[in-house]
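Shared between the two complexes below is chain A, which pairs with chain B and chain C, respectively.
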Partner chain A sequence: MANLSRRNFIKLGIASGALLSAGEGLVSPALAGSVQLQHGGKDFDFITGTERKAVPTACWSCETRCAAMGYVEDDRVVKMESNQNSIRTEGKMCAKGQSGPNDVYFPDRILYPLKRAGQRGEGKWKRITWDEALTEISGKLKKLRDDGQPEKFMFSYGLMKASSAALIKDVFLETYGTETIGNHESTSNSAKWAAQELTWGRHYDNWDFDNTKFVLNFGSNVQEAHSNHVPLSNRLIRARVEKGLKSVTFDVRYSNTAAKSSEWVPIKPGTDGAVALAMCSVIMQKDLYDKDFFKFIRASENVNASVDEKVAALKSHLAQYTPAWAEKISGVSAAKIESLAAEFAKAKPAVVISSRGAHAHFNGCENERAIQMLAAITGNIDNPGGRCRGVEPKWESPEGPKDKPKAKRLEIVDGKGTALPTHHVSHQSLKMIKEGSGGRPDVYMWYCYNPVYINGEANENAEILKDEKLIPFSVVSTIVYDESSKLADIILPDATYLERWGWEDQVCPTQVPEYYIRQALIKPLGEARDFGDVVIQLAEKMGMPLGVGATKEEFVSKSCEMTPTVKAAGGIEYMKKHGVWHDPNDKPQYYSYKEEVKTDGAVLDEATGVYWKGNAGEKYASTEGAYKKYVGQKIGDKVYRGFEPDKLNKTGYFELYSAIMKEKGFGPFPTWIPIPEHEKMKSDELILTTYKVAVQILSRSSHRKWLSELYYNNPAWINSQTASARGITDGDKIKIKSSVGEIVTTANVNEKIIPGVIAVSFHVGREESGRYGSGNKSPMAHDEDPDLARKHWDAHGVNPNKVISNASDPISGQMRCMDTVVTVTKA
Partner chain B sequence: MKKTNVMLETARQRSNIYGFLSLIYGSEAGRTLLQRIKEPEFFSELSDMGINFEDDFIQKPEDELLEELAVEYTRLFLGPGKHISPHESVHHKRDDGDWGTLWGADTVEIKKFIAASGLEYCSGFTGLPDHISVELEFMQKAVSREAQAREEDDNDGALYCLRIQKKFIDEHIMKWIPVFCDKVVAEAKLSFYKEMARLTKYFLEFEKDNIHKYFAEDGE
Partner chain C sequence: MGKKEDISRRDLLKTGGVVAAAAAATGILPETAAAAKEELPRWAMVVDLRRCIGCRGCSIADKSEYGVALGRFNTVVKNIEFGKYPEPKKYFMSRLCNHCSGGEKDVPPCVEACPQAKAGDREKLGGKSYRTGATYKRPDGMILIEPSLCIGCYKCVEACPYGVRSPDPNVKLTRPDREKDFGVGKCTFCRHRVDQGLVPSCVNTCQGRARIFGDLNDPESEVAKLAAEFKLLENRDKSTLLPGENTMPHIFYIDTDGVLAHYKITKENKFKEYTNEFE
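Then we have the complex of A and B:
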């Protein structure tokens, strides 16, 4: 053979190309389609050669609930990936999502209904049948209902959202008639939600990283944990890398989000509001505000005030909050506050983001209102590149019986003396049960929830849950034996999210709603049952048929047929095949407050300028539930959709001046509220702050071996100055003591946290959650997992909730996860 | 020429050669194919590479040649009687001993490999999944997809396609086609199939020796 050069082959290739394209009918291919890049096509196990079936579904590790693909091999879930067609996630999935198969197969999983055999909490159990379990529970529930005391059935839930909430809460619990319902939101974001309900109406904000020019971050660790984690973190990091987007993070810790920002500005815990107020002050005094947006702002008692009057009122209120004043409180220099204020106001568009670092404090709601104000006065609300109201899909679903009873409730879910508990104050419920003035439940049932671990004063929570005199009968549906389920009377084995059906509705960062469903990848293991199915069965047994289908799967199918847009796309069959759907013709939803609305059938409430469907003689502001009848806001001679209310009778303005707050005895404008305990701290005291990490999920994941191998221990972060003042060096055993308890952990001495603070993460410190999470074997667990022998860690960390009290923000009821005063000594 | 254009051009022409070779083995040579091969542009390229047909190809009248080539194709690849089955599972000596028959372990492997890439067999295709023409067509399409990625400046996509190609060449093509070609060279009576088998083997060996270079941006 002569010339085997690349050049000759290229020439032959050219000639071949001409040949191939020449004769008609020359080529009759065997293969159709084209090679797909990444993730495409079918998937096979490299070892066994078994084909993996790819099933579109949805993750349910954290609240983000990303559209996902589950890979199933011989009826076994082997892998989780993202759904490449999701406009929310853009085909990205985090470590938490990828660890999903661990949820199904961890060796300590609860797989059979269990009934307590010994004393409560003693750890003795007997296996019972589902029929026995349902008969006993429904018997007790039916009796309460028949006796006219449905409120004595208390139900608490954690991450129960979308279709689960629609079926379990809106259908089952409403049909039953109890409103003694608690959730986890006061340990999460209730201060922020209340602040949003006060200012722009319905809660939940989206951050438009795709279109923004500047990010100002008050205490969000969005790169590690957020209720819309991957959709946002993916976009933020992309904009940082590809466009050089500037981002500035205020945080007590050098979090991974701070590390991935252009600048980390260290700040004292709970003082974000002071900095935000001072920035607002600079922007107003220097006339850097967005005058056009003031048309939609309420800034005085008079709803008809002119823009100039509103500007003057705000300038006057903010004059007290100078940068120099804020520097003394926050530790952030006045010069930095001034320059960032100007930069933020001029960036256009800019987005201010925030989370628990700013609002899980005594003053959380006010801090968040100040942050909302910063966005509003610069016109960065509901605009491309700004802080937008979240857009989620609007599912329709079966509603159950038409005639539902008027719900009754025990006064134990809203705390005591909370001004606006719009998302409840459930972390105080156990304490209130102990105290007794609000009544006590006869039956306590919880789901997706671990009240002992996730609320403050963890030791007391356990004592209360254990006390049969306080709570005579308790039931939990769970996959894991944890600190709370160990204290239940009956444990129902729940299906994991990979074994059940659902539709999901989390917000999409593109401002276009994405509809997506979860389909069961496999049948539930053992005797596990989806709690959605269980409530349907309980209702049947009580003679209270719900009429929503026999299973959750049917409920989801019906929802797909009832939701017009999904039905038009092809209904349940389309969703089963693709998992996600959005209308390609949908435009991103910005500026919806500017829409003019028709006022047919509505009346004008002169005092507020609100058009609403109220009755003659009723006043909008003082009529209970009036917000549900809101139609529009009169501004000048037009009526706008405005910032429609939700949960509170606010006007349709963006309310920087809140008559509701005034009536509750607080400042109508966002105001600085010092944290009382911080004002009188002794020199040896520190502030305990908390945080979450990227590879664990609240209290939901320590049983997942892939995650716990990555993160199983949580030494306390302490600044080297603070440590040396106490004779503490890195790795020392230390004792953290507060007014409610103490924990012993090790010191992680570093420079990534400001002096005067100690930081302990959540997630770990588990007393139960199986061998991977706690070292303890759960009842009736098996030993078949070969990785049990490979587990190389004995440390399981500490739970900071043992030293955090259940005190709360007096406005929203938010638990103060970030501002506990403690002493730290060598142990 | 910009570096990326060199890689784009290389991918396009590699794909074409795979396509051409796939045609040769896919069925008996038809009139159009023969005419195209005999055109001076094509003929001279083959000649430059040392592929030289004898008079049994060059001088024979077209109808007669078509008939002879059809008989030869059938005799070589289809039977009846002793023939050289153009399927991987017959030739690819596997460590597990599962080879030597039609519809063997490698037939399944090929079917899966191709399905995993996103391609599917045409509903009208009646052959076995591991036929030589299918494997060459698969390479044609995988390299063609690489070319598309390069056109779109999608370097990650191009590298992904190259990884597929390299895996397929290492795990399948080189495990049997050169051996198969040797058998054809030994058994063929007409110079056409003898020379085509030589060309196939030389091209694939060139591929094996050079594909790792294509992972680098400049192809060197």
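Then we have the complex of A and C:
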């Protein structure tokens, strides 16, 4: 461990007593002796030396939601650090988490309920009371519900997870009866999640860097941003340095992750699947596969096929995908593909990791299925050092009224023509509202979400949200005045994550679940209210009491008492004191698919080999929601837990052959799907890709001054060869034009990107997010932050979503954030 | 690495005096203070460049720990890029005050540049201190600033060859004629945390565990072990910044990729090199 001496240390009291001060009068005693420094868990005011109040809590900057410690001084949040006892974070925190106090105190924060006072979008607001706001909103909601039209209440959310989702979605919205609920997942990772649901059942994966010998990375920038960033990032770099772990990164861009890898292999956008397929082909043809794991693989229509038959079927399917073929598509040399395939297969264990670089494409789901296949045929699934199904804590929480209505919904959250929208296609919702065939909401409410900015065709999104004929009434709960809240009718001031309660459940890299909670560090500023409290109050006013407690805090307390393991550990009082809990006797969850299960009360579905609790005459594969009744998979004469389904009626095999895909008209095996627009590109066209950086958070952070000071502008990366062919030099003003729009930015001509591509980061290009993020003052903002006068940047970047369309992967509905065809010229 | 090579004879003499004075002031038995002298730490940091992923957690942890004003940093990470596509190179150069011990005279340039305080003011530094200006070196190696003694001449800002000092809007001068001017800010090694037995804030947060802080005089400390393993003290020309300046930095770099050779700090660029843009 860093900084810990093995020698006995002099007790600090004595050490402090041995004054060695040479300065600061006599107020600053230096320590003497061999001192064992603590890593954290305390903090002190640097002037007065006063100890700051430490409150265990949880970060909510990005989806990772790390267990944290907040420090409070004079009722002010002054400092964040990681929770030193967290097995997920191991006491580490990133720049994003460290900037947390900015969320509370940025001068443009929304602190009072506001009602539109002019035309929608005109920017005129009047302050109203909470009672006025709740009365107006609950009145409209109650009428819809009383009229039997609850589906006309549309709700969209972004980063609303764990306890927030349990209260707001599972209790409030379900009790209300609307299922017209959208989210942000199609702009996130839905292609990968669908691929994982098709193959191993659950949507989320973990990468076991602590135990692996080789990392093969398709398009993940895990050292800068990821939905489980710090827990994975800190482990990856540790293993790289301490164990000499080799890592190879395929990416169109030399990201910081690529820079910290053993090798960067540039790859053309959207072709990761071709390389993965060719690697699988090499591994099968050279017999480098893991024969034992094939027992649990499905590789043909016949669920009782022998291992040899399955191997033969895969070999046959993959024969077409030679390294030479993949080289032509991806630009990665055949020799490199062959050597990496062999190295990966022989490393044992090895982990293949992947993210949006591989899947935010037209062919995203298939690319991810090919990557899952690479892990499976080499036996690197759910094993120490491999690609594992994520392990998260299982909280129990109040469920609200027992009798909930059968939910109704408008058909506007799954797009049109998406085969498996298991995470919705919500980025197309506004377009669907405009088009009108799926109906239109009377009330649109969104939370933790900025639909105008984060979805493609940003300009059109704003036009639709502004149109009162399309959306008569709109409400947002937010801390920041952004591109979308600007177009709302009522803005509710949300509490920041440092002012509210919650329990959290993100996956732990050690395969042992960690339970952790968020405590409010201070009372909300102004009249801000946690939206969790607000839905309870709205429900009360509608005569629809939820019965989950009067506040989110109560909801969280009850959850701690309802969750058996947490209750046994000491319940809410333990969690308030420590913030985190895991069972020290828990063994890491590997190989759970090998467990044999009892089939009591279950029936065998002969066609699939699935034991399930279906009714007589029902077929597993074709019965809606059958997966919820899954018990086990018959393999040979035994029944295993297998790779249990989560959202689709798959078998309990690891499905490389998918009857579901076949039924939907796709190849049952992972298949190469070219990107149509890329097939017919003209010679002067480029592919626009997008990316994230380590010092901003999705669209959530440009108001944080400490982050925007580091990253406020996003010049477009372009390879020097590509630039010079267009007469573009570094710093030139350039125009990027696509079929849906154009943006003008500056060129960052460099050596860190594959030719033929232009890269524009996400995060900035904000039209509103207060003065630090956009230069614009928000309504009723104050001027009391002395840093306002010290802001030293005027540029605020561009939003790539103005040139990216809302088209999606036809299988999963994933938005194609990484494969837009554009022209780039000097502006 | 058993010997106390970081504390010069001169330092120890001064320290002895301080210990005695302090002991007298607090009623600690002189023997206790004398024993403590033998155990005097020499705080230092090892930055393992292999481990730095460029996340800037250190920079923001410091901003937050001290409420640092926009426009200045106490600690920065610089991108070092070279090479041509398809084999570009990018490294992260993690920087902070070097807490130099100084060359032959044992006086770092900032301390040397700082005007001597008036006789009466010296009491504020405990009577007998090491160079009684506002900028001083504590016997455990920390280079600190006593704002109440600072006259705002900014000679230390110019004198530091690394550019780590800058006028700090959060530090007001106390002289009546300079009330509107700023004092000087820089990294303090988190003196207020270390004195309470905690690692500096940047070390606490560092995702890569690239920043390792400890007592170079304790052979069991991780910094001492790393110094021995990578011969950091013997090869200061490869393990510290601007070895030619002979400032004897106590930030040591583990630099297995030869990153420092690509990094140039000059009189002309030293302040620009201490800014912190991500790209």
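Descriptive notes on the structure:
The rule is simple: the second predicted complex is superposed on the first by the 782 of 827 C-alpha atoms of A that agree within 3 Å, B and C clash if a C-alpha of one lies under 4 Å from a C-alpha of the other, contacts with A are read in each partner's own complex, and residues count from 1 in each chain.
One rule holds in what follows: a contact is a pair of C-beta atoms (placed from the backbone, for glycine too) under 8 Å apart; a residue touches a chain by one contact, two chains touch by 3 or more.
All values reported here derive from a predicted model rather than from experimental measurement.
Once chain A of one complex is fitted onto chain A of the other, the partner contacts of A:277 are absent, as it touches neither chain B nor chain C. Look at A:660: by the touch rule set out above, it reaches neither chain B nor chain C.
Within the superposed three-chain model, A:91 lies in touch with chain C and out of touch with chain B [touch as defined at top]. Judged by the touch definition given at the top, the superposed model places A:517 against neither chain B nor chain C. Residue contacts after overlaying the shared chain place A:191 against neither chain B nor chain C. More residues of chain A are in touch with C than with the other of chain B and chain C. Residues 1-4, 6, 10, 12, 15-20, 22-26, 28-38, 40, 42-44, 49, 51 of chain A lie in contact with chain B in one complex and with chain C in the other.
Contacts from chain C toward chain A in the complex involve residues 14-15, 18-19, 22-23, 25-26, 28, 32-33, 35-37, 39-41, 48, 50-51, 53-57, 59-61, 63-67, 69-71, 81, 83-86, 88-92, 123-126, 129-130, 136-140, 142, 144, 146, 169, 188, 190-199, 201, 203-209, 212-215, 218, 220-223, 276-279. On the chain A side of its complex with chain B, the touching residues are 1-4, 6, 8-20, 22-38, 40-44, 49, 51.
Against chain A, the residues of chain B that register as touching in their complex are 9-10, 12-17, 19-20, 23, 26-27, 30, 32-33, 35-37, 41-42, 45-46, 48-50, 108-109, 112, 114-122, 124-125, 127, 131, 133-134, 137-138, 141-142, 144-145, 148-149, 154, 156-157, 160-161, 164, 198, 202-203, 206, 210. Only residues 1-7, 10, 12, 15-26, 28-40, 42-47, 49, 51, 78-82, 91-95, 97-99, 101, 223-224, 230, 233-234, 237-238, 240-241, 254, 256, 259-260, 264, 266, 693-695, 705-707, 709-711, 715, 719-721, 748, 750-755, 786-787, 790-792 of chain A touch chain C when the two sit together in their complex.
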